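Next come two complexes built around chain A: one with chain B, the other with chain C.
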Partner chain A sequence: MRTPDRPARARRGGPVRLARGTTSPHPLGTDASGQDLLSRVLYGARSSLLAPLALLALAALLGVTMGTVAAWRGGWVDTLLSRVTDVMYAFPGLLFVVLVIAVFGDGLTTSIIALGLAYAPTIARYTRSLALAERSKPYIDAYRVQGMSGTRICVRHLVPNLAGPIVGYLVVLFGEGLMSLATLSYLGFGAGSPSIDWGLMVQEGQDAVVQGALLPALVPGTAIAAVVVAFNIVGVRVSDRLGKGR
Partner chain B sequence: MIRGLPRRIAGLFATLLAASFLIFAAVYAAPGDPAVLLSGSRQELTPEKLAAVRAEHHLDEPLVVQYGRWLWDGLQGDLGRSFQYRDHVADLIGARLPTTLELVGYATVFFVVLGVGSGVLAALRRGWVDSAVVGGTTLAASVPAFVAAIALVSLFGVRLGWFPVTGQGEGFAGRLHHLTLPAFALALSALAVISRVTRQAMAEAYASDHVEAARASGQPERQIVVQHVLRNALGPIVTMCGLVMAGMLAGTVVVETAFGLSGIGSLLVSAITTHDFPVTQAVLLLMVIGYVVVTTLVDLVHPLIDPRVSPGGQPRGRKPEGRTA
Partner chain C sequence: MLLDIEDLTIELPAGAAARPMLAEVSLRVGRDEVVGLVGESGSGKSTTARAVLRMLPEGARASGSVRVDGEDVLAMDPARLRRHRSRTVSMIFQDPRSALNPVRRIGDFLTDPLTRVLGLSRRDAVAKATELLASVGLSEPERRMRQRPHELSGGMLQRVVIAAALSTDPDLLLADEATSALDATTQAEVLALLRSIQEERRRAGSGLGTLFITHDLPLAAAYCDRVYVMYAGRVVEQQPAHGLFADPKHPYTRGLLECSPSLGDDRAPRPIPGRPPSLSDAFTGCPFLPRCARAEAECETWAPVAVPFGGRGVDGDGSDEGGSAACRLLELVTRSSA
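What follows is the complex of A and B.
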């Protein structure tokens, strides 16, 4: 990755007044350790953008499987799903994730898995409603008459036909996932200190804000907000198009 | 109202039992000995100390018996002792709860007044006002609370110096002054949700036939808006306000940490960082109870505001937008 400066390169000089404003070698200034902010924000994009993808992949895998099985089998599987969802929904905001982190310790991997578990019921509920409608279509019966097994129909035909709206829904969830992960990093539960992550950068830059150095916290904060705004605007368009394309 | 009540209350208790069991049993899901986790500090673990922890938490008994004991003690106000502060957990929470409730109350005033206000304005004045409100709410919904907190501190605290950036304040006016920025940061995403719901509900009420009829009968526009449009839009608006307010208890975790306020949200964060498990469990339990009880109450109140909604017909506790709230 090309950045104007090495992201983890500290400038020489005492800790005093290292957080400088904009200068020509540092277009966005430097943080409290004298590290170039633009480089760090660009570098931080890697984990800040890849981690929500991993979380959505996990949540989609679990959620789509649970939702499809609940719609296909009905009965106790369906009841179990709605009970699990009810209990998950009793935890407002990030509290379920916080519980998981309290037990299994902090870190980026734990955060991703916990958020994946927290998002899965929402995706499962959505998939279930789509799959119920799809299941009653005549082509499914046609495959059944041919003697195809339920698993094969689901994996080969039913789920691929739902891909459009599910992907559209995931794009909308991406912004939320990014915000949640950044919030966890900010609270000190997510990505740890040596790694470069936007949420963590805001936390590290926070102390300097009171002393008047605003950029170290505001630059990564703006990056988070800008990406989420972009995804929310694009996401709504994409999900509309994918939803209609069926 | 009365017909659906017993079923609803039973559902409430079932959900609370399941959630509290999850919070309690989480200790056993952790890898390793639960006594190690419950003892808090990972250093200086002697066999005697572990045995003491086992005896204190009755770890030798079956899980369900332990859970029942924890719940029974908790209902009587005994939530155990904190490892970190060596205090009763109930006292710790009691000392910090007022700050959190003031913060949530203040934020609720913000998002109800500004959210409903901007939503009504957007519905009444189509054109650029509408576009500005929709654009503003999209932005407000996309900024995480901690980023909003830092931006507010930077602008109004450091640059303009209008509001203090740390501390809790003395007296009513002082507390209000100190809590203004935190409350606004907490209210921002809620404000966006309420504004959208209000605008949508108003637009739907506008399109109905009885508004047309009222207009044809020559009623003044002001009266139509207040008596016909707003009255009919009130149900979804009040429901959403209640749900969003309930979710705010969880939002205090972030905002209290960002502003250094000592409430139960920041208590939860420090309890997790210091592996203070009894405090973590108690705060989580309190927040879940608060959330579930308020969302159930909102559902029960809904038919009173909007008689067209049958009691018990609505699904309970639909999650408001924005988990990060």
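What follows is the complex of A and C.
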């Protein structure tokens, strides 16, 4: 990655002198350790953008499986899965995540898994409603009449046909996932120093705000806000397109 | 007998319906035979056909027996049932457009059962599928294989569905309103196609039985060998098609025939008064009573049973001239003549 400066090169001196405003070698200024903010934001994009992706992959795998099984089997399976989903729904997401982290220790991987579990019920519920509608379509009956097994119909035909609206939904969830992960790093549960993460950067920069240096907290904060807004706009478009296409 | 349904009763869970969806339905289809099943919407035609595949409504209880080649479908284990659905019986649906997965190619729809059920290789399956498409009269079969359902017309799609239904060489074909959604010329083509398939299979010595479901009684009487008429989940009349046209025994059958106008007849079509009963209507006697022009007070307590007439009755094969009807007045006539 090409950045104006090495993201982890600190300079000597007290924090007040080092957290400087915009200068020509540092277009977005430096943080309290004298590290170039632009370089750090760009490097931070790696974990800040890839981690929500991993989180969504886990949540989608769990959620789509649960939702499809509930819709397909119906009866007590549906009741059980729906009640589990309801309980998860009623439980504050962040509290659940903090609980998991308290048990299994902090770190990026734990927060991704914990958030993945917290997001799965939302996706499960959405998938269930889609799958219920799709399941009643005659072409599914036609496959059953051909003697195709339920698993095969679900995996090969039902779920692929739901992919459009689910992907649209996931794009919107991406922004939310990024937010949650940044929140966790900010609170010190997620990625910790010395890794570079936007949420962590905001936390590291907040001390300097009191001393009048806004940029160290503002720059990563703006990056988070921009990505979340962008994904929400794109997500709504995508889900409109894919959801109503057929 | 290829298909032998005996005393099939399907009941929904208590509270969902006031009467059984199907009540003591008995129906037979022999090899080489085309049997019609006629009735208004909600009379239980489709439920009967789906019972042959054990596709019962959710939570429903079935009693009686549905035997295909002597084996009771209602007692099959899941693996046997899947084999039964994929090999022995095929179904053709009313609306081919909704019966096909909209995002899959025509070719996938046809090759899937071939590779999965018959164990053909991918290449052989494509070759056989192309051959099948040509045999049901589709032009440019190679190109059709690569097309998606929305690119084809309704009549073409129905041919695709028929090709898929025949791909695994079933013994029994269930055609559920297979031609009702098509326009008149396409309907004629599809009927001719089904006839020619029937003929081909007869000559090959592996007779195909067809259960032809329609709401169009004149069509059924013209196309089928034998016709069953259903009303409110019961078979009210069954007899050879020509007899049904010439001499309908049950007042409901007569009513259905009078509903359709015919050429050279100045009479206006006479609809049957009233409406078909819903699942929430329960009966103490004959279910057709409120709409029957010849009803008598005793009909209110008469439990419907099939009264045989003519020939050797219900037990014969397709060539049999006899039939049966579930009408009290007919019972009086036969009893007085005996």
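Keep in mind that, in the parts below, the second predicted complex is superposed on the first by the 240 of 246 C-alpha atoms of A that agree within 3 Å, B and C clash if a C-alpha of one lies under 4 Å from a C-alpha of the other, contacts with A are read in each partner's own complex, and residues count from 1 in each chain.
Throughout what follows, contacts are C-beta pairs under 8 Å (C-beta built on N, C-alpha and C of every residue); 3 or more make two chains touch, one makes a residue touch a chain.
Model, not experiment: these values are computed from the prediction.
In the superposed model, A:195 makes contact with neither chain B nor chain C.
In the superposition on chain A, A:144 makes contact with chain C only, not with chain B. After superposition on the shared chain, chain A has more residues touched by B, the comparison being chain B against chain C.
By the document's definition of touching, neither partner reaches A:65: not chain B, not chain C. Contacts of A:182 after superposition: chain B is touched, whereas chain C is not reached. Within the superposed three-chain model, A:89 lies in touch with chain B and out of touch with chain C [touch as defined at top]. Touching of chain A by both chain B and chain C, each in its own complex, is seen for no residue at all.
Interface residues of chain A facing chain C in the complex, by the touch rule stated above, are 74, 137-139, 141-149, 157, 160-161, 246. Every residue of chain B that touches chain A in the complex is listed here, in rising order: 15-16, 18-19, 22-23, 26-27, 29-31, 37, 138-139, 141-147, 150-151, 153-154, 157-159, 165-166, 246-247, 249-251, 253-254, 257-258, 268-269, 271-273, 277, 280, 284, 287-288, 291-292, 316-317, 319, 322-325.
Of all residues in chain A, only 83, 86-87, 89-95, 98-104, 106, 118, 122, 175-176, 179-180, 182-183, 186-189, 199, 202, 206, 209-210, 212, 214, 217-218, 221-222, 224-225, 228-229, 232-233 touch chain B in the complex they form. Across the complex, chain C meets chain A through its residues 53, 55, 58, 81-87, 90-91, 93, 95, 98-104, 112-113, 116-117, 161, 164.
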